[in-house]
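My questions all concern the structure below.
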């Protein structure tokens, strides 16, 4: 193994992000203009997005020393991640000025978190997995607590940190056991060793603990308790990015571990994942019913959507492309929804997120913003012409294909329950009379961000084929080096 | 992995010390005592590493954990943990009881796992203890680290960067100045 | 001539359309001209058809295909045979006269045009019913006339009584029509076609006794609804709320006879079903007697005539029940003349006395309304069956056939004849004889009906008299005329018994008149104390045997209560409650899960540990 | 593309969408312009749908004017439109009722000032709704059908929610969630069907015609039919699933109620035939006895409930439940006459219930209330309104010679051939129908002139323009029903032969 | 019981003690210490297995874990300090504004 055959290009997007982060840190020292730093970060993220698209279109790129692979699966995850990052930066350009957050640290940590997520998506080695997971987690702990002037942010950061560390300890323990059982720490090595050590309890325990670690990351019930508090406490733009980025990275790793490394143990892990899926969907949807605060409601809804994606994971190989499509659709609609919340949020009284009452009569005050929110709400509820519906369709058809009809049925019933609380928001906006005067229009970046998300949600709904072709063949090339 | 009688005795001793340290961390009345308990634990572990022919890691353990982290903790304790917190009922309370019960079950599961172990079936590597002794642990470690595991190494550096930036940003006393 | 039969239908339709759309604009005179000429022309065509079909067994004239759904193929075509021609002639003839009469009667009414539109629509629907060549087309006519009777009864809809009566009529008819509809469905299920000719041709082969009884019974249910027989007669007395010419036309001469016509038309089926025939006859007889008793105590002149119509219809059903279809049709014809006459006379009385029709508030109208009195007397005589009047011959024919069939029925018939004579002459004497009991000013300006009302009455009076001779035994043109269609079995040659019965019924009629004369002219006080002595019987009769109240209690109120229970209680509480309950349940679960989220990190850590232990346990123990 | 290569059906389905976008482009203020565009679009769609009806070759039973294009190949979903004898007349009916709805919305719609001025968004949603509904009737790919089926809920949600009566928020939420819950399982059933196709033919497909040839092992058709049936039972509605209907019909503004009653209920019946009878005949056969019992209960239950309603709009809402339950009974019995009756009744119910609801709208306009007790003697001051109400009511009651009768009678004849007791019970519905309709008509129109009704204005310009076409159709279809029965004949025969193979009736 | 089994049991015990500490103690700092103990327990497992499997991967892992632990301590204390500035307590249960 010598330096020569190291393929730097296979981790191009991640490195671009790291570079951008460093540039931002340096610029912050010199430059006091927050918007400028924001634009710098935006440039970095856009570059990453372009790079990912180019690599996706280009020929297959070998893996980086079987540590990280740039296969189609990883590249699609990078695509989702960079799209989420672009939107997140766009959304927070004005927000951090309004809420007075330190620009340099904010954007730097954001970019680092994004690169951590991409690495996690591309990781084909236990060590890269663990490190990139820790990078993105620690960056998000810091970002969650970035509004140091507000106790709630601190509380969110503390909870996220303690529980995150606690869960990653179990994850690490799992990795140790896997190492013990198979003698290697690279995923390909483990995958090769699995058939021979099939019944070794150490391997099974390792798999279980790994599943637990990732279940925490994607907020599956019963590991989800942290999500509502952290999402509500953290600043909205961070929550937006966290709810999409961390979830996508978590699922990428989970799918890679379960589907690529332990396909032969499918019979073992399909039921726990299925049960997790059912619990997560139902708990998330039911709890969201009782929420008066839209931000906290979206937190529970993200738990519910984790449940739907888990159905795709439970479908095994058939579900991989469904999971990827759902993640992209979820990224667009969820960040969009948060973007609208950010547009509405007023620093003083909405620290804990926008209350449902504040949405009253939004159609009269800000028609286009309300229209965008309606698109996101209906898409999150899974209404047909929009992306959310095809995400669910794809995931449930995978479940049906793998014979998990029960999961599909529970999933469909859950989306009906979810329709109620999404519709409640739309009802408040459209049917109720406006309670207050129209706020001034926010900065253009936010509007652009919301617009992209809305158009993306609708386009992905009406003509999903372009993304479907991308995610279609991911399974074949799933193996790292 | 044959163990000479002396080694087994030492292992048992260090093990006991480590467990004692860990117990004192969770049972100590005052946070400072638990910090010291942690120190004892780390030192015992360092010793065990050395015995398991991972000398460099033992030293690293001493420096990083025992040195840096424990000191940081003590520093933080002095800064904020000074006063005796009203730690009444730390052991009572339903939560604690349930928690410890579950932990015992968890321990039982792991123990069950270890008992049924039929020896690690994993493929044996080439790095025997005498190879380590011969080539020197640091050299070996350095080589593999910088050759095979270059990406994790770099990621670790990114991780530390994140840690630094985050810590500074969080702990810096934010004057309300910017807002006015 | 037969080729233009469809003109009979076209003219009334044109009359309806013109009056409906241009009625208000072209003024009352033009409206009446349009309406009357439409019916007049249609009557002429009917006469032509009457001549043309003499001796023929029926000609079919298809107009267009109405419904074709798989094997269910229904043509809209006319069946022209003596039976339908006779009915068409009677319908158009009588309605032509009543149209003329209405010009006078309805002169001041603001909605003059709408009245004539409805009247023409009625004749159009009646002709469809009569000329239909299949059951479904007859059913169309059937419900069409039901609609027109609803509209005309409730013509003065400002009066709640009229509106209620209209609704009652339509709904009770609907009950009857349901029976008829089910009959049609059974026929289609059996035969696969609804064509009369087809059904009658294949009936003997296909139908078993049970089936034919079922069909005939269902058809008869329809007939009782339309021809106001027990148990569905309750709507006819209330139908008097409508204008009097309407009562004359619809509730005396034409619509109510549809039931009889339908039974006559299906004589093939009814002959195959002796049990049904017996039912028809006995119901006919019972209704006749039952209605007559009620007429005895009725104070309202129009209601007396209404009960009398029900009674006479009972006779007709008695006739067709015993198989004497020709006799039934003959009585139907004569009844149309004298009953229409009586109603028109009552109308002219109302016209004169500004709407007052309660006979106890009238009296002594002989001097004031001599012509009306004379005409009423002729009608009454015909109705009572006074010899030489038409009613005598047709009623006697029925009694004679009934006697042949079963003496009991004959006896009931005879009793009813006696009562008929009594109640009609009671009405005559109380209204026209003795001193007047009307208020002063009403009495002063009471005047004879104008010419346009008197002429139709005169014509009807003439018909009421000579109508009988076309049915003399052996000379019976009617029976001969209907022979090819009805193949009515010939009565035994008119032996001595027939003449004896003739005499008996004449005596009964005159006896009844004498009794009425005695009670209401010689000793007017007698009826009053008679009613006191037999008070319970009197109130029973005057309260119409409490049949209305019975229906209300047994049928209407329970349904209404069930409806209220569903609408106010069951639907919103239980069915809707279940749905809302489910929604609330989800909400409650939501709150429950919310409380679990208690904000304390350590409990979150506990839930993580729970998850760890369970999953690890599952994996290890699997 | 169909024979002429011209994508007629796609044009019909998506023209309203184009209209909706056009409406958005026009300024919020130019109400007249918006209304003109809406009317023009709906009229063109009506013309095109009539052209489609003309192009249709009655002799053939199969799918015509078919269009096909790839949409999501990876999941086997394709864009497939087509029409057969059964669904042929639903397109013109929908188009007509939308023209009527647009005309009825000429004066401002909505219960409060804010909604009355929001004309632009009202017509935007109305035109979107038209695309959704037309799509449902024309779609032949199951997923495309489901997309239109659910997408149609969104515009309906806003139409009821924003321009409805007082309890509109509750009513529209209940309508949305109820319908969505009903059709949730249908999505799973569709996916299962796609999977069965994958199992037997190796490729995922949702094309309705290939799925019809699938041979499914026994329990599957029953379960699949149950899942599909639930969605349609909620939509029609069938007895226990009807509680959303009175609230939705009553709270929706008049033009929207016309569409709800006239068109949306037909989607349920269309579904029962297209995806029940034609896709899983054995499933329908097994479920038929239960569905028949529910339908019978529905007829009597709804009629009795209509009898005692205090609000005239609720009376007509419940009456439409009763009439549609009879139609469901016709579908379940599935013989030549009953299916012909179903086709006829689908069109005629749409027409006369639309007329009735328009009249209720006019009544509410004139007196500001819908409580029957407060009306009385309206016929005197408003004779034209009286006559129109009379004709529409008689059509609903099933007076022979009007369109209601032909459909109803054919269904009863069909049901009589099946199970006689059911026919008798259903015929009872005819009597109850006459009772509550006449009683309602009498309490509103007849009787002594209520003081407040004396001043009521009779029908003028726009009211007549809206009502006359419907009344003409009520009479014309009554006298010449073959206009609909003959073209649908071939398809019905095919349906019957297929249903006969699994007939559950003697 | 040979050495590897003993070491694995030992690290499992240490891990459990750490986990118990997280649930029992209410002082944020002590909880944090317990997490460190858990991580160290895993390190011990890694090194024992590395010795058993005669491969260096385990030790490299320990090396990385140390780096992670260091970063975590930094961030953790940062968070605790930033909370302390608002509310002079390190008791985790006091910090529960976000709930429901």
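Letters A, B, C, D and E mark the chains in the order given here, with residues in each chain numbered from 1 onward.
Throughout what follows, contacts are C-beta pairs under 8 Å (C-beta built on N, C-alpha and C of every residue); 3 or more make two chains touch, one makes a residue touch a chain.
No experiment lies behind these values; they were computed from the predicted model shown.
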Chain E and chain A - chains in contact with each: B, C
Farthest chain relative to chain D (centres taken as mean CA coordinates): B
A-B or A-C - the one linked by more C-beta pairs in contact: A-B
Chain nearest the global centroid, as defined over all protein CA atoms shown: D
Centroid comparison with chain A (C-alpha atoms), farthest chain: C
Mean-CA-position distance for chain E and chain B (Å): 6
Chain C and chain D, separation of their C-alpha mean positions in angstrom: 38
Separation of mean Cα positions, chain E and chain D [Å, integer]: 65
Mean-CA-position distance for chain D and chain A (Å): 43
Shared interface positions of chain B, touching two or more other chains: 95, 98-99, 102-103, 106, 109-110, 112-113, 117, 120, 122-125, 149, 152, 156, 159, 162-163, 166-170
For chain C, residues that touch 2 or more chains besides their own: 583, 594, 597, 599-603, 605-606, 609-610, 612, 616, 620
Residue list for chain D, restricted to those that touch at least two other chains: 177
Which pairs of chains touch, using the document's own definition: A-B, A-C, A-D, A-E, B-C, B-E, C-D, C-E
Chain E to chain B touching residues, read off their complex: 2-10, 12-27, 29-30, 32-34, 36-37, 40, 43-44, 47-57, 59-60, 62-64, 66-75, 77-82, 84-85, 88-91
Complex contacts: residues of chain C adjacent to chain E: 594-595, 597-602, 605-606, 609
Chain E contact footprint on chain A (complex, rising order): 126-127, 130-131, 134, 138, 141-142, 145, 148, 151-152, 154-159, 161-162, 165-166, 169, 172-173, 175-177, 179-180, 183-185, 228-229, 232-233, 290-291, 296, 352
Touch list for chain E against partner chain A, complex: 8, 15, 18-19, 22, 28, 31-32, 35, 38-39, 41-42, 45-46, 49, 52-53, 55, 57-58, 60-61, 64-65, 68, 71-72, 75-76, 78-80, 82-83, 85-87, 92, 95-100
Of all residues in chain C, those that touch chain B in their complex: 600, 602-603, 605-606, 609-610, 612-613, 616-617, 620
